[in-house]
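Below: a set of structures, written as structure tokens.
There are two complexes below, and they share chain A, which is joined by chain B in the first and by chain C in the second.
And then the complex of A and B:
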């Protein structure tokens, strides 16, 4: 069983690598978009993979809200060792998940110092959420927002096809 | 239901390898990148390791080998490789992994026969040991993904690093 720290170190190194690689190739604006989407896509595949590894006791969900609750409680605890602290919804397909001490941001000092850097470290996790939901039957758009480290909010907008 | 976290690292590593195979033209380049990234992780991981384990300074390479196999691998990957195949000079040994957590559910596609999938591990070991003043060479001698029965990591002691020499960042 791989230790938490290993994933955290790997994640940090992946972010560093993606940005270093892009910096040697493109101009700044394009670099930022591509890096984030590369990380998001990696997270997406991992999120899908996590759900696939589920044993046959995969629960059946009655509504979207049940899936979101599962994500916030079971999945989040499995991945980040804690549950989402706050889940809000407008009951029209938009959900906001708040994590007051997000595992991938705790390496930064608390406060506003590295706010600019934060999105780099959230892209993978946004993809992770999107990938997990995709395999649970929900297509979504996931974005993240940080105003005070290490607290962050993930916004999930369910896409109705 | 979900095994806590073991899948997350394995899956993330898999996604990384997939991405690198897209970014780079040949397997050797991917191996190099994985090794480099592993090195960068290793130089930081050692602090985490020293803080969390209660191992003191190793007196010789044999002690180092034991600590790597019985403490470090156990702590980070949940496995305990065996330490064997010591060279007569005592400067080289093998770690035999019956199972390799990185490769659960992984199959190498046909066009990647030169890919050393777990190259990250070599870099991690090299980087971590460099931080405790040991220059080592680490490579995979056997790999279950490439058809061998076991995974064998060969580690060779090169030299002790003087403490006042600056360590380059790769």
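And then the complex of A and C:
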């Protein structure tokens, strides 16, 4: 029962720690960007490892849409104990994943309070998605936006080479 | 001696690619990770397996050893996949590097000794 909270608390501490480290340095302008990239890179490596474990028993994926569906249903349920509520695509490599009650944001607020702080807590998850896709063979760019807590949207753009 | 093994494995990668691209056109439910016997040469038989993360495992077996059945090869690949997953989850391992984990090496050596 308490295991769910473990990751949420750890994640909060990770974000706080990364920002505290940066604050001791003098370069305030670059502070925000480096913190977000550090968190994103962490999520990237975690995503790669997780995918290796979770796709061990699945048959090979046939196309990108299958991969995105796996991400939305199986991966999201294993990590955040719920599925993505809405997946939209333009069938040209862009996908929007909407989660109406994102597990890492539920404790913040149910409206607009603390909206500016939200992106910090989404960087790790963006990296997670990017790492997962990269290990499945899809290079992508993942961004997140929040307009009303705790719902958020992840936008994934697959880079076609 | 080692070079000829490397050569065999390299050429088998082409066969793996062929199998993967052929799967989409063939039966829709033929999506297993195990690829089966890739091709037999005069001395060796080569078996292939591809994970969802596009990592390919290749096992080269002496042709004179006819006692190895399909099921045993499948279980060898299963064990390989499990130990590879463990290596991936090791924080000291960066994906793409040669594997230096002693645990992985020992599992592979035990498997090879058991099979022969």
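Here, the second predicted complex is superposed on the first by the 155 of 161 C-alpha atoms of A that agree within 3 Å, B and C clash if a C-alpha of one lies under 4 Å from a C-alpha of the other, contacts with A are read in each partner's own complex, and residues count from 1 in each chain.
In the analysis below, a residue touches a chain if its C-beta (ideal position, glycine included) is under 8 Å from a C-beta of that chain, and two chains touch if they have at least 3 such contacts.
The structure presented is a predicted model; accordingly, all values stated were derived computationally and were not measured.
Novice: Contacts for A:75 in the overlay, against chain B (first) and chain C (second): which applies, first, second, both or neither?
Specialist: first
Novice: Can A:3 be said to touch chain B (first), chain C (second), both, or neither?
Specialist: In the superposition, A:3 touches chain B alone.
Novice: Touch check for A:38: first (chain B), second (chain C), both, or neither?
Specialist: After superposing on A, A:38 lies in contact with chain B but is clear of chain C.
Novice: Where does A:14 make contact in the superposed view: on chain B (first), on chain C (second), on both, or on neither?
Specialist: The first partner, chain B, only.
Novice: Between chain B (first) and chain C (second), which does A:139 come into contact with in this model arrangement: first, second, both, or neither?
Specialist: Neither: A:139 stays clear of chain B and chain C.
Novice: For A:49, decide between first (touching chain B), second (touching chain C), both and neither.
Specialist: both
Novice: Which chain A residues lie in the overlap of the chain B contact set and the chain C contact set?
Specialist: In chain A, positions 45, 49, 53, 55, 58 sit in both the chain B and chain C interfaces.
Novice: For a test of understanding, state which residues of chain C touch chain A in their complex under the given definition.
Specialist: Interface residues on chain C, with respect to chain A: 20, 23-24, 31-33, 50-54, 81-82, 84-85, 88-89, 91, 95.
Novice: Could you list, by residue number, the parts of chain B that touch chain A in their complex?
Specialist: 1-16, 18-19, 23, 33, 37, 40-41, 44-45, 48, 75-78, 101, 120
Novice: Residue numbers of chain A touching chain C in their complex, please.
Specialist: Result: residues 45, 48-49, 51-53, 55-56, 58-62, 135-137 of chain A touch chain C.
Novice: For the complex, give me every residue of chain A touching chain B.
Specialist: Checking each residue of chain A against chain B gives 1-7, 9-11, 13-14, 16-17, 21, 38, 42-43, 45-46, 49-50, 53-55, 57-58, 74-75, 78-79, 81.
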